[in-house]
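Both of the next two complexes hold subunit A, though its partner changes from subunit B to subunit C.
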Partner chain A sequence: MVNRIIVGAHYGLKDWLAQRITALLMIGYTVIFLVVWPRPMSYAGWKALFAQGWMRFATFLLVASVLIHAWIGMRNVWMDYVKHTGLRLALEVATILWLVGCAGWAMQILWRI
Partner chain B sequence: MRFRIFRYDPDKDEKPAMRDYEVVLDPHDRMLLDALVRIKEQDDSLSLRRSCREGVCGSDAMNINGKNGLACITKLSDLKEPVELRPLPGLPVIRDLIVDMTQFFKQYHSIKPYLINADPPPEKERLQSPEERDELDGLYECILCACCSTSCPSFWWNPDKFVGPAGLLQAYRFIADSRDQATAERLDDLEDPYRLFRCHTIMNCVDACPKNLNPTRAIGKIKELMVKRSV
Partner chain C sequence: MPDLTAKKKRPLWYNLSPLNLPLPGLVSILHRVSGVVLFLGLIAFLYLLDLSLASESGYAQAAGLLRAPIAKLLVIASIWALLHHMCAGIRHLFLDVDIGTSLRTARRSAFAVFIASLALTASIAVRIW
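Now for the complex of A and B:
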């Protein structure tokens, strides 16, 4: 096939929408965090805050949002600039692995408190 | 008035270069195109496209002091000297200020820029209510000068896959048309990570449009319709 342009993957809307929704979730979390953040900052205050169920729930949503948001954003960057399909696929897979690893690590830290 | 103009003749020149010009203007010379016509009297090897000289045909789009615009409706008094003129960015240069618009028009044609209506044509015309007609304002005025698409980085990186702001404005023009029956197919065709979703809403298109149209808003409306039909 000589340089045929293939488009028509019929996706994109869900990702675009998800990126907007996760952005709102992250803003919401940031606002809540700024309100409930222990002052003065101490290990005990920090631990007490993250021991609460609702905070774990909210923080889990935050980590999930960051994961989805960053994935869509990074894939957009690869799609914009990386022309070679094989290289783009490799970078996308590497991005997923890195983000899933980071999310798992974040959860581990959070559940340990 | 002083000018620096991009010169490149692929048959003769190894690489492009900027050439300086100084022209004495007539008091009647108001627009940049008037000055370019004077420069062409001085040096007839300078190549550029122009036709209607009043902002209707869209032929004389070029990069003027770093911003895309039409030479014929750009006031000389608004320009800082030396006026730097370059061809529209991102398209292959044929010669001097003339670019190859093939890719741009390919994308325009890909959105099927015509009314699709399977009903038998009425005796006179397909009628619209005044409100339905109002929907087309800000869309039908596009003259396809390519100022917007060639100021869009997403179009620079993926001109073969991303429709670009001009094409998407026209896509919405037919989606918004009450007489068109192919809305679903048009939305299907655009629901694609490259064709529509390469737009990252940086609004260079809005800044560049010499007709003051808003392709970003049209793209937003397309996305809005896609959300509406899927949730």
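Now for the complex of A and C:
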């Protein structure tokens, strides 16, 4: 029997699960997008697509998924290759700021239509 | 306290040569590489989305940007990154629920991921070129 002395850690399960759930959401969005994207492409069709409430809702979920998914992935990359603690922290903070900023930008694009 | 430094040297034989990398390993590292590529490409994607939804002229401008050969190459590279990342990710989801974990199947599915993403990229590439 394994007797764990260290308790309280999540052993990365939450992140692992979040990575999978967001992946499924993004796959779902891709399938929906392939069905509904305007053919032939035009400005009117493109704009009309993103002007719909459900499409904004879905795209918002996509943006949130990308934010979480990319954060976990990039954090793993920094953890694997950047051994210097201070530099790694700086890169992780920069990644979060960048992703949150991008999410805000995406929201602005969608709700400006 | 035992003297650990006095311990005799253990033989190390980790062959990490890339030439020795099995196909599932190649799919795995490319999954990571494509993920980083997509992260870096996020800004270009958002810029184009912003431009294309801003106005009629913005849409034309975005379409014009994408007509340049270099832009097409970048788009094709991004599509490959997305498709490889997605296919390898779907394979991962199956492995997570214990489907296809035998060595034989895992090698086959890795091969399938590789071929599927390249074939899909090629079919899209000829259409947008």
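Going forward, the second predicted complex is superposed on the first by the 102 of 113 C-alpha atoms of A that agree within 3 Å, B and C clash if a C-alpha of one lies under 4 Å from a C-alpha of the other, contacts with A are read in each partner's own complex, and residues count from 1 in each chain.
In this section, a contact is a pair of C-beta atoms (placed from the backbone, for glycine too) under 8 Å apart; a residue touches a chain by one contact, two chains touch by 3 or more.
Not measured: the values here are computed from a predicted model.
In the superposition on chain A, A:V36 makes contact with neither subunit B nor subunit C. Applying the stated contact rule after C-alpha superposition, one finds that A:I21 touches neither subunit B nor subunit C.
In the superposition on chain A, no contact is made by A:A90 with either subunit B or subunit C. Taking subunit A as the reference chain, the count of touched residues is higher for C when subunit B and subunit C are set side by side.
Applying the stated contact rule after C-alpha superposition, one finds that A:M74 touches subunit C and leaves subunit B untouched. After overlaying the two complexes on the shared chain, residue contacts for A:W105 are found with subunit C alone; subunit B is out of touch. Contacts of A:W46 after superposition: subunit C is touched, whereas subunit B is not reached.
In the superposition on chain A, the residues of subunit A contacted by subunit B and by subunit C do not overlap at all. Only residues 32, 35-36, 38-39, 42-43, 46, 49-50, 52-54, 56, 59-60, 86, 89-90, 93, 96 of subunit C touch subunit A when the two sit together in their complex.
Those residues of subunit A lying in contact with subunit B across their complex are 5, 7-17, 76, 79-81.
Subunit A contributes residues 20, 23-24, 26-27, 30, 43, 46-47, 50, 66, 70, 73-74, 77, 102, 105-106, 109-110, 112-113 to its touches with subunit C in the complex. Put simply, subunit B touches subunit A in their complex at residues 153-154, 157-158, 160-161, 188-189, 191-198, 200, 223, 226-227, 230.
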